[in-house]
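After this come two complexes, each holding subunit A, first together with subunit B and then together with subunit C.
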Partner chain A sequence: MKLEQRHWVFLGLFILITLVMLIKVRPDISVSNQTRKMYAYIDSLPSGSILLISFDHEASSLPEIRPLAQAVLSHAFEKGHRLIGMALFAEGTAIGYRMMQDVAAQYGRNPGTDFVYLGFKPQFIAAILAMGESFEQTFPEDYLGNPYRSHELLTTVSNYDDIAAMISIADGSLTTHWIEYAGSRYNLTVLGAVTAAMVTTYDPYLASGQMTCMVGGLRGAAEYESLLGIEGGGSRGMLAQTASHLYIILLVVIGNVIYFRSRRGSK
Partner chain B sequence: MDWSTLIAGLLTLAILTFLYRDNPLYKIAESLLIGVSIGYTLVIVWSSTLVDLLFDPLFSQGKMALLIPFILGLLMFSRFHRRTASLSRIPIAVMIGSGAGISIPVMVEARILKQMSATVAPLFNSSGIPDISSLVIITGVICTLGYFYFSREQRGLLGGISRIGTYFLMIFFGTTFGYTVMSRMSTFIGRMEFLLTDFLGLTR
Partner chain C sequence: MDRKVALGVCFTFGLIMFAQYFSRHPLASQVNQAVLAYWQIIFAFALVVGIVSFARNSINDIKRKKERPYRLISLAGMTAMPLLAVIWGIRADSPFMWMFENVQAPLQSTVFALLAFFVASASFRGFRAKSWPAIILLSSATIILLSRSAVGGVISEYLPAVADWIRNNPSMAARRAILIGIGLGSLTTSLRVVLGIERTWLGGGKG
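And then the complex of A and B:
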């Protein structure tokens, strides 16, 4: 078993994260303006407002998406909002259903009256546009096959006019379609809970006001948890996140020092 | 420990073995992931698209208008035979035509007009003080567009503008890369938390 240079780098990171996770220290988290804005927006809605939650992600991003989604769902249920769940990615369907059930159970919310999960709809653009006309025609049945009208919550929901805002929980560019089709065409307020890799994609939409607010990455989840006063996956992972970033910065510095030294040596 | 945690833990370790080098354990885990993902997606799409939206309404409820998309869908398969291949252009034309018809107005509105109006926000606020954010945005947009202007040699004023444009581009790429590293680290940390807590039971 021959170890090369990159193996030592991986091994170093593995040992560092293991050690940091074994230490149960929670760093102080300063909350960014964006997270505050998102929290304040959901908080400012009157209790009982109807929010549409779309699970637009794949299973591979679950470690980052789960803390984000749980924080946002916890806040919404805690405030007494009523939630309609759905998915535009097939892989996110069962994950979204399970997450919604779990968080709703923690807050004692009942299916049918406090939340409904509609399930997956293919062809995202067609689905978003169709929901602008009629939720019932787009989803004649919920995820479990119950008729749309059998849920008390859905009897008052025809289209986006009856929704206070939608939250896209995404690891890709699907939130863009919510902004462009539901936001621009039907004036639906779009909020985002996205992976860190997608934050720069959505910044221009925040700046232009097409997206109302956004919370991003594990850091965003940790910030949201600190506002809620709960400990979740976000805050648990923050020390490891900080340590891993310092480790990468250290490696970059060492790499540059070695590079410039070798260049000076060759001259 | 239940079976699902045991299987998930072993498969996570199998995937992590790739960090040493490619090996059969990694291949098995990778193939399982791809197979399960495709199988799951196929089942969901079959039931929620073909059965719910086409077969049930057409054959059980007799909604004959659905014969049109059904036939258009079947025509897609005409590509497999040389003599009938040209028929597949009909559904492709319908898809491209309707897709463009729906998307173009929305794209012009959401990606061009609204973004442009956000870019040309007032450079001074109501009390006459320059708005730094607006100044940076307008400078960045003009300089970056200058960098992509290839109809003239990039010397003199245009050369200076395009040089500043490259700095804006580098800042954007650096920020995006930083966020991507953060995202990948979060994924790794999530799996490590699972291994240490659920799988090995070292942290509770």
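And then the complex of A and C:
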């Protein structure tokens, strides 16, 4: 097989990322105001506040979503908040359950009293609206099939009125539905932990105050980890992300140099 | 006659759901709950239609020897996962979860990761500073890319601020315009459907 130009580009990126992943260097990064705001908000809630965490993502975005989710969950558990987990994407259900279990175990939190995982509910708009009326009717059982009322944490939770805030961990536009239905109709405070590609989608909601705060992308995860003083997937992946961004910029420059030289030659 | 019934149901429920949104009365809440429950059931039927359609198309393609290996794998996956879920459940240590975590999740991550390679190739071949708008787009993209990496603040202390300005002004203005357009479009389409002007969901035409 004859290697074409694009194959060399692919090979270059592959070699670069592989080499960078082998280097154990953690670059220093400055923390953005947006990440500080998210950190400060979760920090400012009284210990024991109930937060709803919705894993609104697919498996494809795990490399970016996992560090983000783990950082936010770590902070919430560290502060002693009580978490209710759920998913509006079927694929996020198992991932969210595992993540919540793992992070809770790290901080010695107990299921039933410190956190509960309700599982997946199809039809996200219907689910969001239904939870505004009654959590119990929307999720009669938790993810493991235990009755809603069997959990001490859930005995005080009827609907969004009993929730301090919700955090949508998303790789798509599902957070919009939380803002539009739970936020607008039921006055629920909506926070976001979203992939970098989705950050600009939520900027207008952030500016208008419909979304309280947001942390975005692998960089956001790395910033959050630095605020928490822990080392996670965010800081580990930053060097690879930096290298790939620089590689793409270099390719753009080379592509343009070739283009302008060929144009000058044709004149 | 059938169409009139469907249009009547659409109009009635459209009106009810619109009105109950503005009410905090317990009756409105009950109506909302009941309609949402029916909504879930209707979508379950839509899923059945999708599965049957996918299976029929795949089987037809297999008979015609068109993309046979892919179709077989798709059908095997679509059959195996529900079977595993029904037989052993979807708990943390079930075979379903093993398949999800060790087959589906890595496959999806791999496909998503391929985007990085395509972006790299596309940036080399297509991102040309041919005109002033292209130069502005190129410069903005470079600034945003650098700001989202670890070297943004190292190159210049102003770079993150410039990136924030791009996001909070031109980018947000464009995004808001798109959102307002989508909102108005959705509103218009919904009104047309509820009022029976838009009938393509019934198969089009009048009657």
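By our rule, the second predicted complex is superposed on the first by the 267 of 267 C-alpha atoms of A that agree within 3 Å, B and C clash if a C-alpha of one lies under 4 Å from a C-alpha of the other, contacts with A are read in each partner's own complex, and residues count from 1 in each chain.
Criterion: a residue touches a chain if its C-beta (ideal position, glycine included) is under 8 Å from a C-beta of that chain, and two chains touch if they have at least 3 such contacts.
Computed from a predicted structure; not experimentally measured.
Should A:S61 be classified as contacting the first partner (subunit B), the second (subunit C), both, or neither?
Both partners, subunit B and subunit C.
Check whether A:S49 is in contact with subunit B, with subunit C, with both or with neither, and answer first, second, both or neither.
Neither: A:S49 stays clear of subunit B and subunit C.
Is A:R219 contacted by the first partner subunit B, the second partner subunit C, both or neither?
Both subunit B and subunit C are touched by A:R219.
With the two complexes superposed on chain A, say which partner A:L144 touches: subunit B (first), subunit C (second), both, or neither.
second
Name the contact category of A:D28: first (subunit B only), second (subunit C only), both, or neither.
After superposing on A, A:D28 lies in contact with subunit C but is clear of subunit B.
Who does A:I95 touch here: subunit B (first), subunit C (second), both, or neither?
second
Can A:N256 be said to touch subunit B (first), subunit C (second), both, or neither?
second
Between subunit B (first) and subunit C (second), which, if any, makes contact with A:G237: first, second, both or neither?
first
Let me check the overlay on chain A: which residues of subunit A are in contact with subunit B and also with subunit C?
10, 13, 58-63, 91, 122-123, 129, 185, 196, 199-200, 204, 207, 217, 219, 241, 244-245, 248
Residues of subunit A touching subunit C in their complex?
Residues in contact with subunit C: 5-6, 9-10, 12-14, 27-30, 32, 58-63, 91, 94-95, 97-98, 101, 122-123, 126, 129-130, 133-134, 137, 144, 185, 196, 199-201, 203-204, 207, 217, 219, 238-239, 241-242, 244-249, 251-252, 254-256, 259.
Which stretch or stretches of subunit B touch subunit A in the complex?
19-20, 37, 40-41, 44-45, 48-49, 52, 99, 102-103, 106-107, 109-111, 114-115, 117-118, 137, 172, 175-176, 179-194, 196, 202-203
Which bits of subunit C are touching subunit A when the two form their complex?
On the subunit C side, the touching residues are 21, 29, 32-33, 36, 39-40, 43-44, 90-92, 97, 100-101, 104-105, 108-109, 111-113, 116-117, 119-121, 123-129, 138, 142, 145-146, 148-151, 153, 160, 164, 167-168, 171-172, 175-176, 179.
In the complex, go through subunit A and note every residue touching subunit B.
Within the complex, subunit A touches subunit B at residues 1, 7, 10, 13, 17-18, 21-22, 24, 58-64, 66, 90-91, 93, 119-123, 125, 129, 140-141, 179-181, 183-185, 195-200, 204, 207-210, 216-219, 233, 236-237, 240-241, 244-245, 248.
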